[in-house]
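Note that the chains take the letters A, B, C, D and E in the order they are written out, and that residue 1 is the start of every chain.
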Amino acid sequence: MTAALLEVAGLGAQYGRVVALHDATLAVAAGELVALVGGNGAGKTTLLRTISGVRPASAGSIRFEGRDITRLAPARRVGLGIVQVPEGRQVFAPLSVEDNLRLGAYARGRERSAEGLARAYRMFPALRQKRDLPAGSLSGGQQQMLAIARGLMAEPRLLLLDEPSMGLAPLLIAEIFAAIADLKRAGATILLVEQNATQALKIADRAYVLETGRVVLEGSGATLAQNERVKAAYLGM
Amino acid sequence: MSLLEVQSLSKTFGGVAAVAEVSFELEAGHVHSVIGPNGAGKTTLFNLIAGAVRPSGGKVRLDGADITGLAPHVLAERGIGRSFQTPQIFAAMSVAENVMVGRHLRLDRRLLPSLLGMPAVDRANRAARERAQLLLDQVGLGQEADRPAGGLAYGAMKRLEIARALAGDPRLLLLDEPAAGLNPTETAEITALIQAIAAAGVTVVLVEHDMRLVMAVSDHIIVLDSGRKLADGTAAAIRADPAVIAAYLGQAQ
Amino acid sequence: AQAPIKLGAVLATQGGPSFLGDPEAKVLKLYVDKMNAEGGIAGRKIELVLYETNGAAADAATFAKRLIAQDNVDFIIGGSTTGETMAMVPEIERAGVPFVSLGGASVIVEPVKKWVFKVPQTDRAAVEKVYIDMKQRAAKKVGLLAGSGGFDKSCTDNARALAKTHGLTVAADETHGAQDTDMTPQWTKIKNAGVDAVLYCGFGASSVVVTKNYAQLGLKIPFYHNHGSASTRWIQGSGAAAEGVRLPAEPVLVARQLPDRDPQKAAGVAFGDAYKAKYNEEPSTFAGYAYDALLLMADAIKRAGGTDKAKVRDALETTKGLVGATGIFTMTAADHSGVDVKSFRMVEVKNGAWRVLY
Amino acid sequence: MLETFLQFLFSGITAGAIYALVALGFTLIYNASHVINFAQGEFVMIGGMATVFLADAGWPIWAAAPLAVLLAVAVGVALERLAIAPAREASTVSLIVITIGASILLRGLAQLVWDRNFHTLAPFSGEEPIRVLGASILPQSLWVLGGSLLAVLALGWFFGRTLLGKAVIATAHNRLAAELMGIETRHVMTLCFALSALLGALGGVLITPITLTSYDAGVMLGLKGFSAAILGGMGSATGAVVGGLLLGVVEAMGAGFLSSAYKDAIAFVLILVVLVAVPRGLMGARGAERV
Amino acid sequence: MIRRREARRGGLGALAAVLLVLPFVLPNTYYLNVAILAGLNAIACIGLNLLIGYAGQISLGHAAFFGIGAYVSAILTAGQGWPPVLALLAALVLNGALAFAVARPILRLRGHYLAMATLGLGIIVAIVLAQEVRLTGGPDGMPVPPLVLLGWSPPGEAAWYGIVAVLLWIAAWLSLNLARSPIGRALAALNASEIAAATAGVDVARHKSLVFVLSALYASLAGSLFAHYAGFITPAKAGFLQSVELVTMVVLGGMASTFGAVVGAAILTALPQIFATFHEYETIALGAILMGIMIFLPRGLVPSLARLAGRR
């Protein structure tokens, strides 16, 4: 394993008194695609949000390129290239589709944004049709496309994907997974949370299993896909 | 006779037809699915049937009675329940209370007894609470009953949606992507739940992109594409339909 | 030393009516200190308990209760406005405390209430003074313009009621809102009604805007304000637009211009100088009200030989020829106001200053 | 008749331009936070009062006005930093109550630091009214009108054309997602409070020669400005100006043709009618929400 | 649910205890007077909280209902010689009818637009009260005859306190009962998501109208009582600032908390009295305290403190 781009050590997070994350430790090496698997409420979203800094860490540390970013403001982390595609789409409903995309590149300045727009529309032609409509009027799946495209606008160095395939039609899911594989080939580092665990494990280099806020298993994608416990709990077999 | 009859139902938003001239019939007691690409008009179709959006044209009949354009609460009274694609939970209330709201129509809603806190209201509350617990157990949220619903994980919210819709004892239950955000194991649980609901005589209409779930439970599938009905038939027929494969399923299926 | 005399006051120093309460409060503070420095009243110091309102009647009522039940005051001055005063009256009548109001409307003392007295001439008197002057300038049709507060409304009510007895008809009757920014529509309507003279009932910033709008439209109709504008601040604010405007004023406003034989001259000048020295502004009519209320109190307590409430009240009712800033006070059992129209002076703005006409 | 009508119209435009300027300040903070800033009128008051007192102290107007505006901006920033930002978790209504508290506080400070009197400011280009077909309008009204037109153009550009403007709207709509885009939401809020204080104070300087000012001048202006912003559609800069002018003209026409005693009531009836017909105001964003 | 019911019982008990003890610890009638005013405000606020706190429908014109209650009582008793109780009932009927008539069109509006509409309504009422001098005495107000109940008139502060305390307790009791009934849940639900509530069978428009009328009735009752107690009323009591103050009381005490409404009303009634002797610092202190409470206890006093207590 090469030097880790992201190192999470002993991370804890809580909502009031509810502890959502205990002592989570994981690492993602540069260029790696790591999947995070876990049931409802396991703490996957919480982990990603803590890495992005929009939730405070109650314990432990987060290092990016060896630098401690545990207390860094979220915007600064985006500046470093840590970008998240959030769960539940979270599009800016009153703004147009194109404005949503542009905001994806907020931290990068406007020069790159034309190029990025073209790429986004190539990836999701449905969005091009709706570019001037308020994002709130899109269908659920279209909003999900927008959320993914918006995240990619930032040209992330570390991409945190929280259930990117949710609500997408089967054809598109296949495309999304292909696109993720492409991104990885192009050198991006990705931490992927997916309920579509079968596919996620298929393309992942490594994976972690999260249960009630704890990392309980870790291994290569292929190994975990064969693990009996994983199969029963997450793959529906 | 069919339970629900949809006749050339249409809805346009600023010139764009989200649903165009869609017609179909739903047989009582069956599980029906509506599938189609993103933006095909599935959610809009639900919104039209359940009264969240007024149609631009066409008719909807329930048990032969015209229910086109009626308000959602009236339709709820007529026995239509639904869940939302984007969870619409009551964040400040407890999980159980969310479900109890779903039971609103079956409770004593008279003003005076409510104001005076008469025992009848207490009894109704207790019964509703018990019923809620039952439903929560059914969707796997039994442990969460007294938590604020706003703090639920996404997948849990989707299950809460189902429990709340069931609480109204609907005759026709519309479920919009109930398995989104659930992993295959959890989806299998929902699959069983849907089958149980149907077995109890409730007519279910499912919008879902998880084809394993759709194919497992559906007696009848309607395919929408760009607002129009592309196909309509049994699971087997749909699975084999080249148009559906090209537009939606892809070769993988 | 003897226990101090406790003087309670409720004044509207905030919000819209602060043009009334603010100078009144200043005067009370100034003169209570002054009187104490000079040994107090009959050897007893005065202790001022002041509560401030924004003119809200409900607050004034509560403060009246507080002054009586909590602070145990011997005497109450206040209610800058009629509304405040009337809200305080029930409590004051119930508890029996000598009370001098600074409110303008006649309802305060008509019918006579046992414990309630008041300083200002009724606003009816001010309107009468204006109407008499209008008649002298051969006016027949009069236009009214007013703000929407109690002070303004009470003035227009009187103006409407008194028009007939003075042989005038009200041909235009317009209102503006609190802190309105432009009154030219009202003026346009008044102009179109073809009136011979206009009376404005109002105060504060609005009275300046009204005057400026009058000039903006180039109007030449004889223009009167009521005593709400009787302050140098209004003249300064209105600038050239104020030239030629007339209004009925208390003598204190023009004390220096009074003939030497006028009994009010000396007191008025002294009061004006003291006020100006302390606050660096000319006293307004309303400052004079507070001054007179203090005089009435001091006089009554002296004559009553103490602060026994019933005795002080009786003494107040028998006030005779007391020379104040507002007028010369003579109270009777039937008249708890005690000043008459004659004490008003008609003044006109000339070169940015008041000039007494008569 | 024409003359009368024109005079009413000019009066309406004068008042309306003032309302519009105040309304624009509401728009800004609303767009950044969905909060109705009840202290907006106080910014206007501070702009006016500070200018007056600096001018009285001998400062030339060109120096006094910018300084006054600066003071208001400082107050706006302080309000955001000390009161709004720490209450980040608070609901919109709680934030609104904080701004109510701030407006009370600022009024109290103003009467302590300055006084309770009303004050005038010399008009920028003289008092000689401009006459058009027998009706007249003060040159200062044109200053105010020009000011609000400039402000609406600037705001329209800001929200319509700049990424920062979009970031502001994004922050108000979904703070979490905005932060995930790298938007420094705290700075965005501070910026908006600063800008709206600037706008308010600038308005205060422009309108004081017409309306005069006093420590409590902000209350009524805030109320009218809020009404104008809602009438036009909250969040829309153009709407704020249209709403302001319409409100001013309806008041003037109501006072002129119907009843001056009920002119405010007439204006509010109009607002009610408009809202019942168009629930998001004349130019408010049409619903983007769906389920 | 279970826990909440205990809080209700305990809360009502505590309220009763405080109301019972208060007259014995207050040193004089002035304090009683403040307590009575706080109680009347609290009654109005409990109603307003049903609307704002539970149902999430902002009203910036609520003082209008208070004002109408006060003036209908005043005009009917003073001018027409009606018995006060009858006038009070007439005010309730009128306010209820008015609220019912405007509820449907107005409550379709959301958020700030609803705030604006109610504000406009309130201002229109205040303007009418100030302009119709012959009926209302105009801005300077009008006197109101004393309250008479079956030939008995409350002789002083103590009697008034008793009346207000009992009514306040009943008002809180009714509000708490409603809150935990299916209707109360429906209100909370439509507050969170109208479409989801409607889909669950809640007639959103009807429930909004219902709670609007109820809250108007609370305000009307408080207004009528205030008129008789104070003996003199002015239109300011129906004005915009009064409406804002009522909302502030509710939010300060804590939204969706009946006891919060009571505490908020008590605090904001008492604070100006406490600061009254500070003169020019009075408004500054008031503003600062208001801000401070909302910054540090953003959910309002009662819910925030309850949470803190629960955490321990």
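Quick note on the criterion: a contact is a pair of C-beta atoms (placed from the backbone, for glycine too) under 8 Å apart; a residue touches a chain by one contact, two chains touch by 3 or more.
Quantities reported herein were computed from a predicted structural model and do not represent experimental measurements.
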### Query
Listed by label, which chains are in contact with subunit A and with subunit C?
D
### Query
Which neighbours does subunit B have in common with subunit E?
D
## Note on the structure
Ranking C-D and D-E by C-beta pairs in contact puts on top D-E
### Summary
Distance between the CA centroids of subunit B and subunit C (whole Å) is 73
#### Entry: Distance from the mean Cα position of subunit B to that of subunit A, given in whole angstrom
29
### Message
Rounded to a whole Å, what is the gap between the Cα centroids of subunit C and subunit E?
### Response
36
### Query
With chain centres defined as C-alpha means, what is the inter-centre distance between subunit A and subunit D in Å?
42
### Query
Which subunit C residues reach two or more other chains?
14, 148, 175
#### Entry: Multi-chain contact sites of subunit B, meaning residues that touch two or more partners
43, 52, 84-86, 88
### Per-residue overlap in subunit E, given as positions that touch at least 2 other chains
131, 195, 282-283
#### Entry: Which pairs of chains touch, using the document's own definition
A-B, A-D, B-D, B-E, C-D, C-E, D-E
## Note on the structure
As the complex stands, subunit C meets subunit D at residues 13-16, 18-19, 22, 148, 174-186, 188-189, 192, 204-205, 208-209, 212, 215-218, 233, 236-237, 239-240
#### Entry: subunit D-touching residues of subunit B, taken from the complex the two chains share
43, 47, 52, 84-86, 88
### Summary
The residues of subunit E that touch subunit C in their complex are 27-31, 33-34, 37, 130-131, 133, 138-141, 143, 226, 230-234, 236-237, 272-273, 276-277, 279, 282-283
### Query
Which positions of subunit A touch subunit B when the two form their complex?
15, 18, 37, 39-42, 45, 87-89, 126, 137-142, 144-145, 163, 166-174, 195-198, 232-237
### Query
In the complex formed with subunit C, which residues of subunit D make contact?
4, 7-8, 10-11, 14-15, 18, 111, 116-120, 127, 129, 136, 138, 207, 210-214, 216-217, 219-221, 252-253, 255-256, 260-261, 263-264
